[in-house]
Each structure stands twice: as structure tokens, then as C-alpha cells.
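These are the structures in question, set out in turn.
Each of the next two complexes has chain A plus one other chain: chain B in the first, chain C in the second.
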Partner chain A sequence: MLSRQLLFAFRGVQRCCGRPISSPSSVATFRKCYVSSNAGADSPSSTTPEPVFAGRNLWRADTLTSFQEKPQAWLSTLEDKHDRKIGLLDLHPDVFRAPPRLDIVHRNIVWQQNYRNVQFTKTLTRAEMPGGGKKPWPGKRMGRSKAGSIRAPYFRGGGIAHGVRGPRTWFYMLPDALRLKGLCTSLTIKHNQDDLVIVDSFDRLPSPDAQFLHDLADHRNWGYSVLFIDVPDRACENLALACADIPSFNIMPTYGLNCYSMHKYQTLVMTHEALNYLEERILFHLHRADTLQNKFRYKDMKEKLLNEGEGEDDPVHAPFV
Partner chain B sequence: MAARNFASMAIRNRLYCKSLSSQSFLRRCLSSSSESNAVSSVGKLGTSQEEPKIWEDPWRHALGPPPPPEEYTTEFEESSAEWKFVERLFPHDVIPEPPKHESYPTPSGWRPPRDPAPNLPYFIRRLRNHMLPLFLESRRDQLNLETMDYDYVELVKLKNVQGDVFACERDLRAYLESKVGHSIATHVNELQGAIRVKGVERADVERFLFEQGF
Partner chain C sequence: MGSKSATERALNYLRRAPRVTLTDVRDNPGARTKGRLVRKKDNMAGQQYNDLRGAGKPPLGWIWGDFYKPWQRIYPGATFFNQDINLRREYPPLSLLELQRLIDLGWLDPSLPIDLTALCNTRQYRCDPSLRQFGVQLTDEGASVFAAKVNLEGASVFAAKVNLEVQWASETAIAAVERAGGVVTTAYYDPIALTAAVDPLKWFEKGEPIPRRHSPPADLIGYYTDARHRGYLASPPAVEAARSELALKIGYALPDRTDDAQHDMLAARKDPLQVFFGLAPGWVVNLADQTLLKPKNPRLLHYYSGRLDASKDS
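Moving on, here comes the complex of A and B:
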């Protein structure tokens, strides 16, 4: 099946470059054909990596097990609306064929939704309400119910008995091991369900036209919502302008990748550079010597948190929260 | 007349000496102020003009002028030849690969996984620290009405089982029952690929895994 896919890819290349290719196993001729035909059209950017067809270096991939599939993904380009494949990448099985721990993904998503919650409301008890120190009327002879204070909960305008006692936070940190497994499982799900697209670079997008990106996404059957992932947090101009007009197409840097976003957006479009970076970082943390069970204490992070917005003070404009 | 002359001479001498000494003192002060301030009373940087008289510095006269101060060059050379002694003290950031030993098992009882993997319908993957995925779990059992304490059950958990978990559980149970002699209870968590065993020591399960070649 894989060889048939390769054959299809080569046939596609043959059509575009016009030169006949004898056998699908001739990688060198394929490379030569691609490079010579598109020499003029190549944009002179140093960050665009070379299209790869050979295997990637998978660091510490387990070669002994036969129960973990070796996943692969096509490398395509955004130059044209037609999905032209320019390479085939080997993906790391620990990241893209992790065991399908849906319970861990659920925990990650619940954590993401809850750990930022802060409750600012507070209700006053009968002790905190103004007044209410004196017994309003004597207990006997009045024919009225006994009352000790006009601010008791059974009084109109009295304190609340078991009310909201804010400010309160639902902050907690999930251990590193669970967050890593959640990321790996989410990437596995995305790749396995054909929702992961790997692209050579976003600056190959020819125009800032939103309609072009729309047509491209329609043609390639990407779905309603697409998340573009790149390494730097400054996006390419064309992509930024195009995505600005389409509300369901969003761009995110690699450091913002999370389980919630991966499942919210139907398709994940990643650059080759972003893929390398993500794999390297995830594998580093999977094999790091530190423990993956961390205790997140506020006092360790307090200074960093309080100084978070230090460089963001603008002399004129108020901060946007 | 002679005595008075002599006395006066003596007085004059004394005064002359005093004046001389005062003059030399004054001269010294003037010379020191005209020159730099780094002139010590004992050892003077030597020009012939500033050499003190014998009575001003008898030590110098006896021992000779002090040796000149050692001159150190301000140039330095950076060498990274000793950096390896610092580097080997750094903690690891990534768990390293285990070294190759001549024979296995090592003195601690560790063995590497067999290459190629055994031809079984399951595979048990090592942890990231190259150890077997065996853990101990202590679960609370029933309340002991005699001692009024809870009894605890110790379980051995085997994780990272890929492939047919039930086949692994069958093989494990057969091996352990023959080794231990009594029946044992197991629980299989298929989704997580884990097997929990009650009634055995962790070392017995470890022996099973090493014999299988995982």
C-alpha cells in the first residue's frame, strides 16, 4: 500500500515537471527532478528546509517492539491549492503512536478549563452584615417568632448562611507526566484520524488573499476550523492577513500547543520546522533525568508570576486584559 | 678657655647634628613631596640620590638594599584543559544509555532487553530509566475487627504491556503458580496495558520477565 502511495506521488511529480521517471525507487532522480523544475519558483528564504524523502533520525525509538506502528506523514506545500506532496516523513512512534489514553486527555482538557478559574464574588454572613447586634424584640409575650438579630439568614435583608465565600481559585497543576502523555495522545489521535497536515513552510503561501486559503482548505478537505502551528510567535505576513479574515482559521506558536486546542480545531497544519521542534522537546522531557512528578508550589513560582508583565508597560496605553 | 671652647664646640656639634638631621628630614620631605608618594621609610626605591645615610637607615646599611618587588605580568591565558573535571560533576539532563558490560546479569541483577525481542504475542517495554515496569501498590482491604485496624493488600503492578495482555497474564499466572505453589489472583487493565498480581513478590515477576527476555 505504501509503494502504491509512492507511485501515486511520483506520477504527480511526473505530470508537473514533464520528465518521465522510470522507477519509484529512484530517489535521486526524483530529487533532481523536483529541484531543477522548481529552481526559479523557490523563494530565497533560508528557513525553508529541503524537501525530504529519506528517513528522519528518530531519537531513541524502540526498535524491539513489533506492536508499535511506525507512523509516516506526507509533506505538502501551500503554494497551490492542489495538494502536491513533496516528501514523506517518518514520525516518532512515542509521540505519534502513543497508547490511546483518553482518560488522560480528558483530565488534561478538564484541567485546562478549570485551573484558570477565579471567583471574585463574596456574600456576607450574619456576622459581617452591618447592625444586627441587638435582640430586636423579647422572646415571649410578643406573639412573634423568636429573633436574636435582624441580620439572621431568615430575615429579609439578612446575611447568607452558606453563601459564596470568595475570592477563591480552582488552580491546580497537572503533573508533567500527565501533560506530556496528553499531548502525545492528542497528536496520535490527530495523525491517526488524518487531521494532521505537515507543510514545508508558511511563507510559501503565494498571496494574502483569504479566498485563496479558503479554496485551498476546501480542495484539500480540511474542515471548518484549522489551527496553523509554527515555531516563532511572529506569523508570516500572508498567512496572518488571510487568517485574519477567516475566524475559524487561527495561528499558534509551538509553545501554545495544548490538548484543548488540538481537539477544538478539526485540522492541525504544522510546518516541518515545528514538527522537528515539537518532537525534540517532547522526547527530551520523556527522557529527562528529573522526575516527572513535580510539586508546583506557589512560593517557587511567585516571583516569576508577579513579574510576568514587567516588560509590557506602555507609557500611554492602559494594559489590555 | 679650651674647655669652654670644647663645650661650645660640643654644643655647636650637637646643634649642627640636629640641624643636619632636621635639614636631612626637611630634604627628605621635600624630595618625597616632589616625587611620588610610594617612598617607604625602610626600603627606598633606589636612585643614588635618594639612598639614605647610614645613620638614617642602619638596617639597610647592614643588610643591603631590599630586593626589588616581583613584577607580575598582567597577561593571562585561558585554558579549557581542566574543564572536563567540572563537566563530569554536572547532573545529567537526559537519562544516559546504560554502559555495555562484559557479562549479564550485572552485580545488581540488571539485564538488558533481548535483541531481537522474543517471539510472543505481547511485548513489555522498559521504562525510560531502563528498568522493568514493576510497581508496588498497597490497597486498603477490610477492617480487622479484632485489632480494629484496616488490613492492607500488597499488589504488584506490571505496566507497559503491549499486544495481547491476556496472553501475558496467562503465561505469568502459570509461571508464578508453579514457582510459588499456591494460587494467585490477577487483574487485567486492557486499556492501560497493566496487570495487577496478588500473592507474589515483585522479584518473582521480575524473574519471569528476565527469563522471557523483556
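Moving on, here comes the complex of A and C:
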């Protein structure tokens, strides 16, 4: 009884609506349901993986509507330069078929470019310049223009009148709702314009040869620039070595996904695991009970910001900002 | 073309359009407006040494006369009616329809007791103690649909047996819940206990002990001791009798309570001093270390036990 009571108590402590309740997925009648969500996770690279046609659990997706196209994506593999499709995945319409709000994407991109800007320069006014307290010459009889101080702006070496004033920041936080919508819109656009590729796993790449990856991308008509997205921030060895030699191919973890990168890079290549993770996280935030419009106060973050460089002192090298 | 939604039409257009790049995104027209620039006419406009410039200006609402008597100060406040307007209690309503909607959409879990805290945690219902709001008022709108919970596929229909704790409930609302097999209790929360109940996280972050609930004021004691209102201070036999009486009065059959799976949950009631299930008044919840700190001082224990005898030092 006490343990159930404690359960009641801690439910009361939860601020936001927690884990969503999942609804049963609708499996298409003409598809056979094959094994497993992690296609090819345990099978060796020499054997071909079983094709994956199991329906994905699309949480709280409106599957009955006939007014919205149901987004789907091929699941392919990086084993070979030929694009062999090993599955067909249903994508969540709230994430991959969201209204294409280009203005929200614009706001996200502008925010990303500006919020980190800090200006360290400061110009001195006539009051801050050294000297200049005394009237340099009397106003009349001199035949010279009137002057009150040698540091006035019209003087050579004088103060600056409307100059750049001191450390300044363009910091602001875009509301969570807009950042979420921006991500959903960018993913929608990428998927809609055939620039989204979903791959089973990056560790199936057979060699660290950059030429192989280049040929693969060429054969599959990927763009000039490709962004590989995986869940962990430690990349697979072969992929990391290959991308190191190709400047326009880069790897990013899911927590770094942003609107700017999605539109800078022409093609987005994502793992199946990354897709599941992104969908789950985006849907969690889209459906949570808390407000998506938080006040970001400096005093809440002050201690964390001031202690940011704590463990980064190096005896030889200057700090990297 | 016209039958598709705007989203679908936009996406079809984008599919045929070239790749969207960083330079292809811009704000909607009219989203940003240029600020007004200061123009020559915007400074003193020739009034630097005007006689009226330094004079006192009439207040807003001035209707010709004394500067101290603008329109809004001429008429005295209402003294013959609504004198107690600031003392009245409000109970923001929660209809059975809304409650059913919250359960169906997954905001509330009917397998756990539903009290004010659970409702406020959904963020779909709001009760603000600073506005003299004293809790949930259960209204009977939607009483006819309250018994049913339907799945998306329309497969199974079952009764929503809920253990509800509210602050005010109408007779028909109580009847609707009991008819479906649930339980309603009305309980009083004094303003400080209410502040804790409405936002427990904020209260725990303050580091203050969980408050004890005080008894209702004189004009509410009658309400909460009455079994017809399912008051928390009424005796359980009286509440049972009132249940049967209400069933006879309205004309429905009381469901039998032989379902043992939910019996424990339906029988769960808070102590009259208790604010949260499973937590006693006086305890301090340490969220950072996930521990509970319980008082040991006899005076504190005496206070939080709610005993009326004066033996504080025992």
C-alpha cells in the first residue's frame, strides 16, 4: 500500500506529461512483417540483411485521414555503391509532412547566425579620453574656431561621438515552439525534395577509402555536400576516415541537428537509429504539457556560464574560444 | 488542385522546385516593420519656452474642473453591493466532459487517484490560489458520456472508474461518477496547502516542509461534513448511505464493487491533514538527492499530527 502511495506521490511531482501512451501500429495488408527494428545490427557484413517491412509505430499519427499523403522513405545500406533498398519506412507526418513554413526556417537561421555574436570592441568618448578638461584657447580674438576641449570629436585624436560602445551581445533565445517547427519544416523539405537518405547503419561502410564514399555518393546522385547524422557523437571509424578527406562530407550527432546545417548541406544521410531518436524527441516536445515559451534569464545560467571553462586550463596553449 | 489542403499544395510545389538553400528562405511579407526614425519635427517643435510647458497638465479622464477630480475619481466605490467581492471564493469549473476528454487523450491515468495535483500537472486545468481560487468544481456537463471510454478503432467500451478528489461537486456530477463505478470526495485545501498542491515542484524547490491542511472555515464546515456532498469529514457509513440514497433518488443501479484489481485504488483517501498521497505533512522533499527529510522534534511532530491537546512537550 505504501509503495502504491509513493507512486501516487511521485506522479504528482512530475511536471510535464511523461511517457506518451503508444497506440497500436497499423500494418499494411500487402506487406509481410519481417524481424526486427535493428536491421543488420548483428548479422555480419558478408550476408545480405533481411528486408524490413514492419510498420513503424507512429505515435498519435492520424492514419485515417485521406487528405494527407503518408510520408515514406527507403531504407538503404552503405555496403556497396549500388543503392540496394532493404526496407520501406513509414515516417511520422507531424515531423516529415509538416506545413513548409519557410519563414520559421528563416527565423531559425537568422537566430543561429546572430545569437552567438559578441562584440568586444569599445570606442572612447570625449569624456573617457585622457586630458581634454581645459578650454584650449579663448573663444574670441583668436581667429580660430571655438573649442572647448582637445578631445572633442571634431579634433584629431579626439573621442568618437556615436561609436561602438563596449561589450555587447546579440543573444536571444528563439522560443522552443519555433525551434521545433523549424526542425520539422527542414526535415519535411529535405524529405520532400528527395534529399533525405536513411541508412541502416554507418558501421557497414566496408572501407575507409574516401574514393569509395565519393563513388557511392556519385552513383546515388547525392549532392555536392552531404551531412551524415548518427546518434552517438563518436563516429564510426571508416566513415570518419573517409569524411576526413572529403571537405564537403561531414558527420554530426543528432543533438547537433539544426536548420542551418540542413539547408547548407545538399543531402542528409541519417541512420535508422537516428531517425527513431529524432522522431521520439521531437514528438515528445511537441506533445509535452509545459509551456514552449520559456524565459531565459541570465541569472539562472550565470554560474554555469562562468564555470564553463573550468577544466580547460592548459599550461602551454592559450584558451580556444 | 482546390480540394487539397494548403500544406499538400505547398509541398507539391516544393517537390518540383529547386533545392531550398540558405538564401531561399525569408520572412513573410509584413512580418517585420521598420521602426520610426526621429525626424526634425519630433523634437520640442518650437515649444521650448511656452507658458504652458512648465504648467501642471490635467490628468487622464479630466472632464473640465478640478485637476483632482477626473471622471474615474468622481464616483465613489460600490459600498452598497459587492462589499465582500474580495473575500469571495472561486472554484474554477471542470466538467465531466473535460475530465473524460483528458482521460481519453492520455493526460490523466484513471488507474491512479485523480486529485487537484494530478489535474494541475496536466497543465490543461489551472487553479490559482492568489486569485482566491479554492479548487476544482465538478460540473455535470457531459454526464451522459462519462461512462464510456472508446478506443480509436472503436473496439472496446468500458466504464471510467475514477477516484476523484475535488473541492466542490454538484449532485448530478457525483451521481454520474458513482453510476460509472467511481468514487468522488470533496476536500478542503486552505490557501497555503493549495499553493503546494497546485505546483508541487515549485514548492519542493523552495525547500519548505510540506504544509498540513487546516480545517475548513466556519461557513464551509457544514459543506465538508455533509455526506450528501461526499465531504472528507463526513463519516464513511453516512457516505455509503448517501450513495444508495442518491442512486434511488436519480434512478440508477449502483454497480457492485467486487472488482478487486481496482478496489485498493478506489479506497485510497487522504488523511484530513495530508496534501500529497504517500507524503506526510512536515516532510521536506530533497529533489537534488532524491531523499525525504522527516522531522524529529516533538513540537513539530505534535503540530503536524494535528492533535488538539496542548501537550506539546511530551
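One rule holds in what follows: the second predicted complex is superposed on the first by the 251 of 321 C-alpha atoms of A that agree within 3 Å, B and C clash if a C-alpha of one lies under 4 Å from a C-alpha of the other, contacts with A are read in each partner's own complex, and residues count from 1 in each chain.
Basically, a residue touches a chain if its C-beta (ideal position, glycine included) is under 8 Å from a C-beta of that chain, and two chains touch if they have at least 3 such contacts.
Keep in mind the model is a prediction, meaning the values are calculated, not measured.
With both structures placed on the common chain, the touch criterion links A:His106 to chain C but leaves chain B unconnected. Once the two complexes are overlaid on the shared chain, A:Phe67 sits against chain B and chain C alike.
Once the two structures are superposed, chain B and chain C can be ranked by residues of chain A touched, with C on top. Touch criterion met: A:Phe284 reaches chain B, while chain C stays clear of it. By the document's definition of touching, neither partner reaches A:Gln293: not chain B, not chain C. By the touch criterion stated above, A:Thr188 is placed in contact with chain C alone, chain B being left untouched.
Within the superposed three-chain model, A:Asn307 lies out of touch with both chain B and chain C [touch as defined at top].
When the two structures are aligned on the shared chain, A:Asn221 is found in touch with neither chain B nor chain C.
Chain A residues in contact with chain B (one complex) as well as with chain C (other complex) are 67-68, 99, 103, 289.
Across the complex, chain A meets chain C through its residues 1-2, 4-17, 20-21, 23, 67-69, 97-100, 102-103, 105-107, 109, 188-189, 192-193, 195, 223, 260, 263-264, 266, 289-291. Touching chain A in their complex are the following residues of chain C: 4-8, 10-11, 14-15, 17, 19-22, 24-28, 31, 106-107, 109, 112-113, 115, 117-118, 121-124, 152, 200-201, 204, 264-265, 268, 276-279, 285, 287. Contacts from chain B toward chain A in the complex involve residues 91-95, 113, 115-117, 122-123, 125, 128, 162-163, 191-193. Across the complex, chain A meets chain B through its residues 62, 64-68, 99, 101, 103, 284, 286-289.
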